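First chain written, first letter: the chains are A, B and C, and each begins at residue 1.
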């Protein structure tokens, strides 16, 4: 029976290799990059667990086919101690993996929720079925015009809803947060490079739910200043 | 006909549950096909957005409330549980009849969605304030369906808990009952505690909409977040109401078909099943990671949600290692059961990123979530139900199903579901949101959507083949060679006829202290 | 100007009550839904009543109640600040929040003629208890151009009436989170100590301390009503908790019935 430990052990070994504090220093420019790293670790993690279980299942299914009509199984019968060991050891391994993942997720979470001091604040208002943006300098915009932001300055979105629950999602920045009527929620991201990214609504809000989308337009500082002058209301 | 309508026999009640749930499955499945065809091309093609939303609402509500929960608890518990524990019937047979008819009324009411002028389009979650203040959809249909089916399963819960506690065969100790019975106990304990909370939450929605109260009206002191919490406080444990009986049935089938006792029964029961019940009630807020709750709640629920992998992992180990040194015989039921070992891996492991609040910030409300829970509920639980129908088919009908046709249906289904949901996982990670009628902003996803539609067509064909096989074989299949064609050691096979008559057991069974339902070793003594 | 002149002064009561209908009373309410979550500029330099300078951001490292007043006011402002004093003491007496630990108080004058001296005078006249005295700062803006920037950002409208020789302004308690964001705005006149307590709990809600567990539980039992600016009991929560017993109760009833039946069968057997 002990030879089955052989299959579970590599998981623990690999897992502990991952917990080395290589990324613990965490010099990420922003949480979007950090997301990629955590996501990558996670894919390895579940990939390894999945492969181990998958291979064991496949081997068993092929190897232990019935050879004669009256054959019965010869599976193990456990004493209480063996039984407990077969419960506790896997439980501890799973738990170790859980805490490893929880630690990574926690760290990323803190970064996702800690808005940098110098962030530019944009008020986002969601309604059925459009978005409105209000800038600190008085400029306004909507989903047709797009969320125009200057490159290099972190942006914090302070969001509220006029009617039902909506959710503001920018897939390329790996973030979303709901707009809850009666509450204020926030999101932040770092527009590091000039370019365009889709944003869209991800909480069901009626007929045109799937048409509440637009572009985050990251432009140079000068372009942004020009644009916001032209869009002051 | 009359004897079916007025029946109080648990086996007939069980069959009635099966027919009802398969009807709900068929309607909701057809709607899923309409949804898939609509999504095959960018832009509006087949149906209008409002119709699409109604279809989506009905697909979700009918699959979960009409098919999965009644199929896996109603049908399976009714048909199998009393026989497994050696009881002649359930504790309250007439209550049992009432609960199946309440359930049928529930489905009929749900089907009326397509007849009333303003069908509900509020998704199966019915989030306020959309459902109460903004949707023109007929909220009362949703609420009363939940009430009927909820009340039905509450009665079922009381009934089956009493049955297991008081009506086991003489001599049958708690460590001798079938694993499936334990999972049903766990599922019904969850139903008993949490169903009233859902019923309450939706009742308050009803009052808000029609009587002008403001329980969930944010401008008048109501809290929208509280509705979400109450809804998921039941509806997350509801996932385990579906999952537990599914793995319970799989364990029975795998054990029987590999002629092996369940691997580490005690840990699977006390750690696995009851661990799921205990932990499963403390993780609901992972559905609300992006709902603007305070951060410490999200961190706390991330930890509890990750830890749920421990009991589920223990159950999975028992499922897989029950095969170890077995004598596996493959029939259609076992095909489905073996494929479930793979489905639980994909479905379970893709749940881990969704347990992490920080990854859910991106993955939440996308096709990734959708594909994840379809792997668990739409495939694992559904395949477990199909496996059970095949496995206990000779018991229910006294006839054998067609093995070749059954296996053909299996391969269509199995290839189909993978073809459908793998592409959806991938575009989910890339950001495709759920519940979208159109995906104008993501035209690059059209190819994957088309692949998924091809998969869905295969599944539809597979289901059709399977249903034809069931119906044809039930009427004129080959007679079962004996009462126990799979040579099981469990009471429902060894001590009853196929199909069992009234009262189940010709002689009331009694079991000895060393009896277990998984004892396949040839008796040397006696 | 004519409009302002037409307004009769409402000095005696704490709340501003316009007596002439052509002035919009909404002008003297902060639109909570619009400014909720707004961040108070942390870099504004203030001067406290002792004359020492500090940045707004340094003050709001804990939750705070912010009041905008002016110190030469002889009626409404002292009364209003005194109302806050009373509410805070009664809220603390409820036993779940502590002045100093959970909340500090900051009164800032929006009058550019105020200085540390008028602030000190105003504070002295209030006759605060020792603890409140320590945790309540009366400040003025160091740079006068900050005043309008600061007040427009949170939608605080005020103007000077030369005829009445007084400012017209909202009387509002602004609750700030430790991050310096507006969590609640309450207008005096109908606030009870419990509302004060719950608003303070709300400002701290994101920072769980195990010792605050009871405060948090109390916070959950109430929900905020935007229309009335008050807290009310969170009825759905109580109803839902109550419903938890329906199923369990049904089971206990069923189990007792079966038990009786089994017993009577054993008796006859």
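Just so it is clear, a contact is a pair of C-beta atoms (placed from the backbone, for glycine too) under 8 Å apart; a residue touches a chain by one contact, two chains touch by 3 or more.
Source: prediction; values computed, not measured.
Chain centres here are means of the Cα atoms, and by that rule the chain farthest away from chain B is C. Summed over C-beta pairs in contact, the chain pair with the top total is A-B. Inter-chain spacing, taken between the CA centroids of chain A and chain C, is 35 Å. Averaging C-alpha coordinates per chain places the centre of chain A 27 Å away from that of chain B.
Averaging Cα coordinates per chain places chain B and chain C 48 Å apart. Residues of chain B found to touch two or more other chains are 218-219, 223, 295.
In chain C, the positions touching at least two other chains are 224, 226. Within chain A, the positions touching two or more other chains are listed as 182-184. Only residues 121, 158, 160, 182-184, 186 of chain A touch chain C when the two sit together in their complex. For chain C in complex with chain A, the residues that touch the partner chain are 33, 36-39, 224, 226.
Across the complex, chain B is touched by residues 4, 35, 38-39, 42, 45-46, 49-50, 53-54, 56-57, 60-61, 64-67, 71-78, 80, 83-84, 86-87, 90-91, 94-95, 97-99, 101-102, 104-106, 108-109, 112-113, 128, 163-165, 167, 169, 171-172, 174-178, 180-185, 198, 200-211, 213 of chain A.
Against chain C, in their complex, chain B makes its touches with residues 91-92, 154, 157-159, 161-162, 165-167, 191-197, 199-201, 204, 215-216, 218-223, 226-227, 230, 233, 294-296.
For chain B in complex with chain A, the residues that touch the partner chain are 49-50, 53, 121, 123, 125, 127, 129-130, 133-135, 218-219, 223-225, 258-261, 263-264, 266-267, 271, 290-292, 295, 298-299, 302-303, 306-307, 309-310, 313-314, 316-317, 320-330, 338, 341-342, 345-346, 349-350, 352-353, 355-359, 361-362, 364-366, 430-431, 433-442, 520-522.
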